[in-house]
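All chains are identified by letter, namely A, B, C, D and E, in their written order; residue positions are counted from 1 within each chain.
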């Protein structure tokens, strides 16, 4: 009880100051900041209609490279945290009871559609709301769906690793191409095309596709790792 | 090459080389270290006294040169270093990790030379710390109880060193320089309270090495626990670095207004001398006894320096040199006993005089010198000390010193009796005289003890040179060293050393001749069992050894003083601190959520404080 | 392709993505690649440092062709470059050490270890090099996520517990930093640090205070300041040994970097400096006191590390040129010395599960080389001459004396005594006790030995001749304190 | 109107954060703590988006129709940042959950105050 | 007048004088004690007879060099101290002025210890535990009485700013007073210390002559014992003369000297006869009470 009270006391102090500070920030007003520059320049410089994408992939592309790395590290770290040696004769079974037929059929129908949607979202990342991360996450949902409905559904880790690595390498090498061409890292070296075209924005589209693949494979891998290690047999260990 | 650099390279390089030699060519090791020290002595004594080097390192201006005071201590270090390392070659025979031992031994010697040649505080501290850890590594080299004494030594050394460092940086903060010459000029310009603080901090720093009350508790363990060959150097030379530091502080960094510091130091030293002597008296291990005795002797030295008069300072420095000589010998002799008889516990070993006559001779001479009995060197020092204290109106200090020196007779006798006299026990029948490399240094040093009693000139002259650098006027007559025989105090009273020597020698020789000549042939040696004991006839198996509780009556008389050791206060203090620290430890209670709460609480606190105090 | 600072980030990232692929081709490739990358980075460190020192300029690398404040930029100045070079070189040495460390670990795990290992270093380097506050946050997260995973690397230890604590506190740290960035963005409308610094004087002081405090606490967590450092002893203890060295040598340093960059460059408020001194003192005192009462070797090293960080914070807090010089020197020394202590200490308690001090009793006879280096490191870290630690402590004390902070000097010295006690206690245990433990010892492999030896040589060399490094540090200090030239050179880059 | 929006957006976000903080600081169950961390993140992300908002604004996406309406677009930077923050939040949560699983297996409990092998 | 021969003859005469006086005093003491104990007692020249007998005896055993040298050390100390003590004051008998100006009080105090330490070493080598016990008692007791003694000496030195005995004597001559009146506390402290110095009862636990038929005296026979006895008599004379010189203005001629010394000598003798024996620690604490107090008073007296 004392702890709770103390926590509430602390939080009310912190909350007071946060409210105090944020309420001094005017809400809903246009402010003079770098955002304006991006809105004005991204259709002109990069021919990218989605300013957010322009920022995420190009203006602040370095952040995104870091972001992708964070995801990659999370997947790797998860793997290392959850790692366990395979015992002999171990089955890959995840659960004893299969899920209901309705779910199985339903997911069979939904699976290709979700994949398709995900692909669409990351391919059109520079045109419409969405992008590599969102698309990748959607695709990962599809595999989650399959994992839930088909308990024996297997995900080939080898493939995931390949996709993940190649996508990452593509992202990084696109950056290096800029350097090799005597420009700066991650600089756009392709023609920008026309605004609102699918083939616009130079390397942004390619990067977002790579990011999409990478995120999709990583999220799938993460889900699979957690599921794989959370079986009743695994819990008996230690 | 500059001989200062050469000196350092020789010693430090030699240290590393001796480590390697021990690894790859152990046969050459002993010869190498002795030769190396010979070479060091050669370089040291042929050095031009004006040699000096200045350079800058890490943005700090450094200066090295041997002042005449430093040269005096340098003599002790280099000669005692040579002799003790010669002694080591035999003493350490058959022990393991000799490379380690010699390396640290030479590191100590080198760092001492470094301390002495430092004319700036940074190199002084630099070498001081090297000295600390190298000696620490030898202190914990062997023996039992390493845990406690090593810890004590390092804790006190660290306290000392860091107080010193604090003083150094305070000085730097005010004067903007580390060079001694700059500091001597500008030290008196800073605020008096800071001056006092600097002096006290430096005193703590140097007081630890010179084992002054109440910072002495490390000394007995460290002295008695190290190999005796090192202790000879440790007590003889290493502790003198503290004395050297004292001389710097007292004569250069303390203004005359601060006479109180001198008084306090002198009294502390006097109390040290008395208590340490009492402790020495009740010891039954010869090493421990000598260790406490060293503490007491260092007390005399400091009293002399702190008295601040010409004669007192001269006495202090003279005793410093002499203490190195005779205490070096005694530690070596005890080491020889340890090596040959296997123990220095005086309740076990006894009656070695006929087995180790030369060791006994050296010990006897050194003990006479230590006790300050004429006509040996110790007397000269003691005489000057007393006269200096009396003529400068420190009457009660005289009494303290006298009490300490009189009680010193007790342990002086104890160590001679305990080891060499008394019953000749059959279990020590096999004991042989120590080998030559151990004997030669002892005998050489005892020779110095004897010589300095009659011809103190050869020590007093370098001392006077040193004192001139402290700002005293030279008062010794301008004659050759062997002509110097009359010592004066400032009231004009004197002692004529050569008359004393002649008188004593003449009477002694005549009496000895007469008594030996009468019935010489009829006398025969009988064992110590052949004594008269109230008419009983003593059998071989009767235990007639009297060694345990040797000074029990005395102990009973002084018991109120010894009841509670200073050690105990430190132990209690330490225990209290540990309990407190364990309490602090509980902050990290293992619950991650608490840590998170700390974070948020800290944030809340800062937010409140930020608006209130930091003026946001 | 010209050598440019972006290699520090991009190459390791690329390599990290490639490791899983190459790992399939050849088992050893996964281990070798990080070494090659770090070696190359060490090489370009030398080249770039040489370049900026000789031409007396700052390299500002813009990314994606957009000059600041619109794009992200990397700043390779004497200060950041010094830290980045230190990280890559130390990283390479630690890589050498890890090469044959724990051969029994499965190959798949090893691969992950090396990915995380390399990203930990890269994250720290990125924090130091980047010129964009949000980018700094991203790199902080890269560091953090690798650190969480590495902490929990061994299943048989309580790594997960430590990692969870770290994660919990680390999340608070990122939340607070993110909040601060958010508020900052609303006030100045930019994320570029140089422009933030430029616009900062116009910001409302109240907002400035709140933002600064949020940053302070956020980075304070990474910098192991006192009430915020509950995670760190556990993490040091549970992480694999070489990772402990990286934590001490890089991760914490990056946290401190963030803190001082915010305080010195972004905000430049002198009011917070006394707070730094006070917090640093408390951190130091508490940590050293606890280290004294530790029964476990690695935990002791961990607390000692926290204490040293407190010292660094104090040094920065004093805020004069000399003290900042001392602080950077301290950072350097702590990185190499504590790195070496962790590396050698790890082998002293290699197979022990509890890693108590009893395990090192009498080990000097069996592992002479490692023990010797550990002893040397101990001497160095407590500031004994002639080792590197001495000079930094001296400079710090001198700097404190210059501004008459006598209490600070006194406390530092008292704490140093405590430090000496517990380090010497270990030395003494190593050499002068009989070995009682029956745990099988592990002889360090050749590369581990050479890694430790390299660090030892640096320690002694810097100790004997501090001018080896003090010139660089002097430049770094000037660079850090010269806010105007930082803003100037970042904002003028790319202007035709 | 504007004030209402201010309170509702900022207030909601901050309250969300405080709720998350309370969960992370006061709840004993590891999973609840992780959920708390997620809630903090959500609040923070909401705050991010909120500060970029302008009244009557549109999404910062150009299409042939809205090419001229650049003045009415909301600030895209916070949106870009929040994207990164979300991903990072996800990564942290994933690692946290993995750690929770391992802790649960190891200690057979999910109460944080019983997982205290490392202390002092 | 200043030839070596002259000096040597003077020295010999001094020694002879000291020896004779010391011996007779010893005899008188024995007589006094006997009379008080209602005995006849030996004749007062008995000590001479004893010494002659001892010297003429043959000694057939020894325990080693140190034992051999012990008595030599003792006699050396006695004679050397004697050499540095002015026997007569002022222009007195110049013949007796041996090395009076070559040393001062401090030197003498130390010289007087020399003999006991030498003796102790000699006794130590015999291996007789009782000798060693005696020595430890003697040395411990010495620590006791030396302190008040030195305090009174320091008081005198402080008061008159000289450390030499002749200097003190000259002052008494000039001011025509005795120092025992100038600084009575110093005199009291010194006399109390003197009780211990003589090792007579009640401070005779060192030898414990009445009950222990063992110890140094029994281990040293013949020539050694003779030497020790001679040394003891000379030493008694030295101590008494020192007191007379310092506190009673010295003596102008031998008769005065004998009277003054004898008067002084009676103090320990008579005090001893009526006192039981102290244990060693009691002796030490005895000296560290009243004598010490008087010593402090003496120094205070001197410094104001």
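Basically, a residue touches a chain if its C-beta (ideal position, glycine included) is under 8 Å from a C-beta of that chain, and two chains touch if they have at least 3 such contacts.
The structure presented is a predicted model; accordingly, all values stated were derived computationally and were not measured.
Asks: What is the shortest path, in steps, from chain D to chain E when you may only step between chains that touch?
Replies: 2
Asks: Please give the intersection of the contact partners of chain B with those of chain E.
Replies: Expected: no chain.
Asks: Counting only C-alpha atoms to place each centre, which chain is farthest from chain B?
Replies: Computed centres place A farthest from chain B.
Asks: Name the chain whose C-alpha centroid is farthest from the C-alpha centroid of chain C.
Replies: Taking each chain's C-alpha mean as its centre, the farthest from chain C is E.
Asks: Looking only at C-beta pairs in contact, point me to the busier pair out of C-D and B-C.
Replies: It is B-C, judged by the count of C-beta pairs in contact.
Asks: Measuring centre to centre with CA averages, how many angstrom lie between chain A and chain B?
Replies: 73
Asks: Using mean C-alpha positions as chain centres, tell me how far chain B is from chain D in Å, no decimals.
Replies: Centre-to-centre distance between chain B and chain D: 69 Å.
Asks: Provide the C-alpha centroid distance between chain C and chain E, rounded to the nearest whole angstrom.
Replies: 79
Asks: Between chain A and chain E, what distance separates the C-alpha centroids? Give it in angstrom.
Replies: 106
Asks: Which residues does chain C have that touch at least 2 chains other than itself?
Replies: Touching at least two other chains: 134, 138, 141, 145, 148-149, 152, 155, 160-161, 163-165, 168, 172, 179, 185-186, 191, 206, 210, 233, 290.
Asks: Which chain A residues sit where two or more other chains touch them?
Replies: Correct list: 3, 7, 10-11, 14, 17-18, 22, 25, 31, 33-35, 38, 60, 63, 66-67, 70, 73-74, 77-78, 81, 238.
Asks: Of all possible chain pairs, which ones touch?
Replies: A-B, A-C, A-D, B-C, B-D, B-E, C-D
Asks: So in the complex, the part of chain C that touches chain D is made up of which residues?
Replies: These residues of chain C touch chain D: 134, 138, 141, 144-145, 148-149, 152, 155, 158, 160-165, 167-168, 170-172, 174-175, 178-179, 181-182, 185-186, 191, 233-234, 237-238, 290, 294.
Asks: Which chain B residues qualify as touching chain D in the complex?
Replies: By the definition above, chain B touches chain D via 585-586, 588-593, 596-597, 600.
Asks: Contact residues on chain A for chain B in the complex?
Replies: Answer in residue numbers: 3, 6-7, 10-11, 13-14, 17.
Asks: Can you list the chain D residues touching chain A in their complex?
Replies: 2, 5-6, 9-11, 14-15, 17-18, 21-22, 25-26, 47, 50-55, 57, 59-64, 67, 70-71, 73, 75-80, 83-84, 86-88, 90-92, 94-95, 97-99, 101-102, 104-106
Asks: In the complex formed with chain E, which residues of chain B make contact?
Replies: 351, 353-354, 357, 364, 368, 371-374, 379, 382-383, 386-387, 390-391, 393, 395-396, 398-399, 402-403, 406-407, 409-410, 412-413, 416-417, 421-424, 489, 491-496, 499-500, 503-504, 507-508, 511-512, 515-516, 518-519, 522-535, 544-546, 550-551, 553-554, 556-558
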